[in-house]
Structure formats: structure tokens, C-alpha cells
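Handing you this structure, nothing more for now.
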Amino acid sequence: MTATTLDRSNLKEIVARRVARELRDGDFVNLGIGLPTLVPQFLPTDVRVTLQAEVGMVGAGPCPEVDADPRYVVDAGGKPASIRIGGAFIDSVTSFTLIRGGHVDATVLGALQVDSEGNLANWIIPGKMVPGMGGAMDLVVGAKRVIVAMEHTQRGEPKILPRCTLPLTALGCVNLIVTEMGVIEVQPYGLLLTEINPDLEVADVVAATAAPLRISSSLTVML
Amino acid sequence: MSKLISVEDAVANISDGMSIMAGGFMGCGNAHNLVQAIIDAGLKDLTMISNDASMPGYGIAKLVEQRRVRKLITSHVGLNPQVAVQMNAGELEVELVPQGTLVERIRSGGAGLGGVLTPTGIGTLVADGKPVITVDGREYLLEKPLRADVALISGYRVDKNGNIWYRGDARNFNPVMATAADVVIVEADHLVELGDIPAEDVVTPGVFVDYIVTGGSL
Amino acid sequence: MSKLISVEDAVANISDGMSIMAGGFMGCGNAHNLVQAIIDAGLKDLTMISNDASMPGYGIAKLVEQRRVRKLITSHVGLNPQVAVQMNAGELEVELVPQGTLVERIRSGGAGLGGVLTPTGIGTLVADGKPVITVDGREYLLEKPLRADVALISGYRVDKNGNIWYRGDARNFNPVMATAADVVIVEADHLVELGDIPAEDVVTPGVFVDYIVTGGSL
Amino acid sequence: MTATTLDRSNLKEIVARRVARELRDGDFVNLGIGLPTLVPQFLPTDVRVTLQAEVGMVGAGPCPEVDADPRYVVDAGGKPASIRIGGAFIDSVTSFTLIRGGHVDATVLGALQVDSEGNLANWIIPGKMVPGMGGAMDLVVGAKRVIVAMEHTQRGEPKILPRCTLPLTALGCVNLIVTEMGVIEVQPYGLLLTEINPDLEVADVVAATAAPLRISSSLTVML
């Protein structure tokens, strides 16, 4: 069975479900837009995390619980949002004191490219897409743990490279890469595949990864 | 000396070519009436300093759409397609700054500091041409302070001293920008009496505020 | 995971020789019970980081009086005569830091910045041995970040998440110190329910706080 | 009539009364301990200033108007204080954003020594008095206008010198010196006596001042 035959309908769920297992009870977490926002629904009931929204929330929704007037409460994408009871609205200075100051336990975000040294590129494709970095550069520098959650390839092209070719978001910041194909740790010597999607062979993952990939001697199935 | 003035008198403090800070995040926390008054007054060639360019038709996005902005200093423009159009046409200059660096540069300008030493941006395009300072073995970029001629602030409750209380996360860049401009104008959603905002709950003390206009909130 | 613990368990986080930040200004905003518990626990050789050394018999002054402090990093010791006595006897090391520099050094430590560029202290004894960085033609001292092993915070209303609301100017250094220590302990004058402090009025978000003790205020 | 015959009982009042005339309606002002705290009582009724206390008040008393519980509201000397209706309690970070950031219109404070270049010494007498600088170094660097309010001499010894001999608080920070003998502006070329106590002759002031003193061609009587 090869990567192309993976059921793509629940690809995002596979990634989000696995990322959820990385979070600990009490963690303070910042989730990037898109796939990472699916993570909370897969948390076990005994794992409660506090979500940060860099726009200025500690204890962001998802469920509307207190003020949810969209003129006054939005998420990082400007969409209507809400805050939990016991949360706090903070200004942007405090928001980035939390982010840059090492107070965020983990951030989960997407990537255009990641490489063997844990370098990350996720904010610009020169000449094509120049949205700006928003808070991403601060997040990946400041969070205690940086988890990339993404599809393993982009239209069949590897996104995990020996060396990023796109402009970097930060140097050596990535700790863990979670894709629909498996889980890859960034180690001082390079990338280590520690878990694999049970529908795939190691050769499938290696073929879809441009960076050299060590295979853990205790490789397990991705849950 | 009342700080309370009309929206028209408030924007009379602004001239073509000035730099303007606008609080807000994707339009949430923009001073919507002041933005409209700037458009109505025909002001142009502005340098805007704001977290983002908002979303089409909302808040400060209108200033870009109406081509009043010559330069944007911002962290994110992805939700306002007009920015890319004007940028690619060479009509709009965009300086992209990491969000945490942007807020600290503004803070630095308001607090009389010489700049920011941040690890953010090291090894990236953001570092181009900037001094790198090593402190205790770790490298930091020296990012310069930012100030503006005018700051447009949006507040939910504002008293006559200019004390501001913000609702929700419409707060965002507003408090820090209120510290870093020569003229600070707050658009009040609700004008309240002195004492209605408990002294402990004031977020922006009125001494930062020069003028108050009323009629805020869409 | 409850953050609520006894005062004794809280000070069990502290060992001899540790660095401790204590919020407060001339004793106002000191965590009085935690101070007493540190004395009762026999802790010594502490490095204290605080705006001042308070006044005789009040708050953190007691730590000096009981000779538990080896080094003080502070802006003012004039109201606590014991400091001069121990300093002149060579028993207490005092590092004097301008108040605005002290607060920014702590902020810098809590915000992940590489230090502070301040005009304060240029041309004075404070500048001795410190790098001077020129930005746009003006000179600034590079002052290094400060962090501590433990921060002792005093809050008026504290909820179970650790969100803090401060009364009066007992606030002072407490919010910034809550960002800059490995272990942050808040002494609550009043423990309140989640939601009792409106989300907008939280000054220190609970994520900065590790432990809560009750029974605060003299 | 010489300086020694000045009525010393109201010396502080003379200084405070004159300093009050330097403040404008709407000014945001920080007053040092001691003599400067007398200034507000001499303000005309149409001049309202807002007082800052660096401990964390915008709109400090003097009259108790709102919270005045001494456990929670103190002045910069730790003494019981109060805040006016319409004031704000701020943390120390914001307090020094105001001070260092140029948001304070004027600060009035005492001095041990001032010199011809406007250098100020007011925080330490090595080996004798080492109280610490508190917020003074930030205040004199950050305030738009620095007014020294003090007795002209200390036990007969001049405090206004060609060059300070005590460790400095800041370089060239002083704008105006007000004493019981007169008013002295710090100009680029040195010190200029612009007003004189009507009970004194110019020679008295010159004799009590160690720094070279120019006399304004429009010298007036100190009010």
C-alpha cells in the first residue's frame, strides 16, 4: 500500500488526533490557523489545556461562554470568537510577553517546508504569496515546544527537505513534525521517524520525505 | 481644557503624508468613525502602522481601498487582497514586521527606550541590515523604536479625563499605541462620568490621551 | 491540578541561596504571610529583587532584619536603616538599580528579550562597566534581563485559575514580577470564583501563576 | 541686606510658591519628596495639574477622595495616600513608561548639587548616605522639564557649582533652578539669573553661588 492510496478524507483528523496526544493537562497552548484548530476536539476529557489567541485571549473558546459579540471578540483570523469563564483579555504587549517569554508550553502550526535541522518556512512564497508572518516568528522562537502539523507532501512534492528553500520563519525551532504518514522528531543529528501510519510501509514515508530520515529502532504505529 | 471634540476637529490634526498608528486586529478595535472621517477629509499619502490591513470593507482596510496609504508597517496583510494588488503595482510600500516585534517597537517608542533586543527574526529576512547584539551568549536583533504623528484608538468606555476601558480583545494594540504618538485620539463607544471606570480598571490612563470623540462602535 | 496550596507547601519551593522577587513598594503590595513563612522555614542567603527594602518591621524588611538576605537588587533602601548597617558591616551586598531600569530589566526577563536599552544612567556610576549602544545618534545603556527562582506576588482578588486583580497601588511591581520567575506564588487577600474577576479586568492572567496561597493582607 | 538676614521661616514657601507659577493648566507633574510636595497648594484655582506618584498613581491626592486604605494606597515614601476621582492606578512598568517616555510635563525635585551644565547630583553621598536613586534617574532623563527646587546653600556652602563633585543623577538634565534667593535658568552657555528675591542684592546671590552666574538684562523680582 502506498501513500497515494491513503484515505484523504480524514487526513486532517489523523494529524489532529495524534497532535492532541502531545498535550498535557494544564498546558498553555497556541494553535495556528487551519488544521491545528482541530486539535482540542481530540483531547481526552482529563486533559484540559488553556488556549491562547495572540489577538489577546488567555482561555479562548471554542464554546461561547462569556462575551461573544463579534465587534469585540475575535480570533487571530478576525472571525467571531469567545472566551471561557476564568479567561483573561490581554493587550498585544502581554500577549507577546507570554509568547516570546517562554510561557507558552506548546504551539502547533502548519508549514510550507521543514528541514533536517528543524528550520521552518511557513510565512512567504516570494513573488506568489506575501501575507506576512503575523505572530508566527515570535511563536516558534518563544514557545517551549514547536509542533508542526501538516500534510506530508504538497501536491505530491516533499515538504520535509534536507534544507528549506523558502525564506525561513526561524532557525532550528521545530521539535516535532506530525503528518498523516507519521511522527518525526527533530534530533541534533537530524530527523527520526518514531511512529508510522499503520496503512503505510516505511518505504512510503521515506519516498515522500526529501530529507534523510532515520528510522527509530522502536518504531511504533501512529495512534 | 476639555479633550472632547468633534470627529472633524479630531482629524484636522492629521495632514497628508503623516504617520498614523491604528489600534485593532483584523478590524476589531479599529476606530471606525475616525477612519471614515479621514477618508471624508481627503487625506492621503499616509504611513499606516497597524497589526494588519483588516479585511475588505472593514475598518482601516478602507484606507487602503481608497488609496490613502503610501506605506504600511504591519505584521500581516493576507486577509486584505487590495494590499497585494497595490503592492505588486508598486503603489504601496509594505514593511512586514513580526507581530511581537511590532508591538515592542511601538512600546519602545512610547517608553523612551532605544529599541528592542529580540531573538525573533534571527536568521531570517527580517534580520537583513539590522545590528545583532550578543547578550550572555545569545544573539538578539536590535529593532528600532516606532512612533507616529497620530494614534487612532478605540475604547469601549472612556471618561472625560480620557481614561479608557477596553471590551474583549478589541483591546489588542490600542493601549500600546496610545503611548507612542504625538497626538492620541480615542473614539469612545460610551462616554462615561469620572469614577465610572474604577481607578484599578483603567487600562489606558487619560494622560496618554489628547482628544476624545464619541459615537464609536459600528 | 489545583494551584491552591498551603503557605508552608508554597515556601517549600524555596531553598537557601535562591533568588526571590518580591512585589511591593515600601511594603505596600508585599506578600506578608509568605515573608513570615520564609522566616519560619529558616531560609537564608537569599538574593532579593525588589523595588526597595520596605520600612522597619514591615513586609520584606523583616527578611533583612532577620539576616536572611545576602544580596539585594533594588532601587531604594533609604527607609530601612538595617540595610546600611549590614552593608557597612560587609554582611549584605546591595546592587542599586534605577527604578525604571529595574522594572524594565524584570520585564525583559519575563518577555524573552535580550535586555533594555535605556537613556537612564548614562554618564553616572550606574553606567560603569556596561555597554553603551548608540541608536539614531542617542546613547543608551544596555541593561541585562533579570529573572528569579521564585516570585512572591500579592493580589487582592485571585481566582482558582490564578487570575489576579490588584487593589490600589499595591499593584506596583507585582504584575511584572509574575512574568519573570521560574516559580510564581501569589498570596490572595480574597480567593474568588472563576468569573468573579471580569476577563477584561484581570491584570495578571493565571497562566503566569504556579501556586496560590490564601490569607493575605495584614 | 544679605542672604543671612532672609526670614528662613517661610523659605520653603517662597520656593514652592514660585515653582507653582511654572506649571500650566493640564500639566502632568511628578513631585519629589519634601519641599516639592508643597507646590500644589500655591497653584491658582484655574490651574489644575495631574499628579503622578511613581508607585503607581495618575491623579494622586492630596485630598482623600476614593480609596485611602493605607494597606493598599501609599505615596512614593510609603505613607498613606489617596487617589482622585478620575485617576488611575497603574503598575510600575506603566509608571515608568510615563516617566521615561516623555509623558511627564514637569518634575520638581530637590538637589544636593547642580552645576553650570545642568548636571544634577541628588542621590548619594559616598560613604555617608546611600539611599539609592529610586525613580530619580529616570525622572530627570524622561520629564520634559526638570525643575530643581531647593535651598540655595547647604549650611552656608554653595550647592550651585561650576561642576558637581558628588556622583551624578544625570547629565545636563536640569532646566530651571528655583531657590529662596532667585530663579536661575540653565542655558547652553551656563547659568542665567532671571529673577531675584526682593530682599536681596545681586551680589548676595552671586556670593552664594559657586558657579559663574550671568545676570539677565531683564532681571525681575521673584514673585
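The first chain written gets the first letter, and so on, giving A, B, C and D; residue counts start at 1 in each chain.
In the analysis below, contacts are C-beta pairs under 8 Å (C-beta built on N, C-alpha and C of every residue); 3 or more make two chains touch, one makes a residue touch a chain.
Since we're looking at a predicted model, the values are computed, not measured.
Across A-B and A-C, the chain pair carrying more C-beta contacts is A-B. Separating the CA-averaged centres of chain C and chain D is a span of 29 Å. The centroid of the Cα atoms in chain A and the matching centroid in chain D are 56 Å apart. Between the Cα centres of chain A and chain C there is a gap of 35 Å.
Those residues of chain B in touch with two or more other chains are numbered 104, 107, 111-113, 118-119, 166-168, 171, 200. Residues of chain A in contact with at least two other chains: 67, 83, 89-90, 96, 100, 141-142. Viewed as a contact network, the protein chains fit none of the simple shapes, being neither a path, a ring, a star nor fully connected. Looking at which chains touch one another, you get A-B, A-C, B-C, B-D, C-D.
Touching chain A in their complex are the following residues of chain B: 25-28, 51-52, 54-55, 74-79, 84, 87, 94, 96, 98-101, 103-104, 107, 118-126, 156, 166-176, 203, 217-218. Every residue of chain B that touches chain C in the complex is listed here, in rising order: 104, 108, 111-119, 133, 135-136, 138, 140, 142, 144-145, 165-168, 171, 200-201. Interface residues of chain A facing chain B in the complex, by the touch rule stated above, are 53-57, 67, 69-74, 76-78, 81, 83, 89-93, 95-96, 99-100, 124, 129-138, 141-142, 167-171. Of all residues in chain B, only 1, 107, 110-113, 159-161, 163, 179, 194-195, 199-200, 202, 205-208 touch chain D in the complex they form. Across the interface of their complex, chain C is touched by residues 25-26, 28, 50, 52, 58-59, 66-67, 83, 85-90, 94, 96-98, 100-103, 141-142 of chain A.
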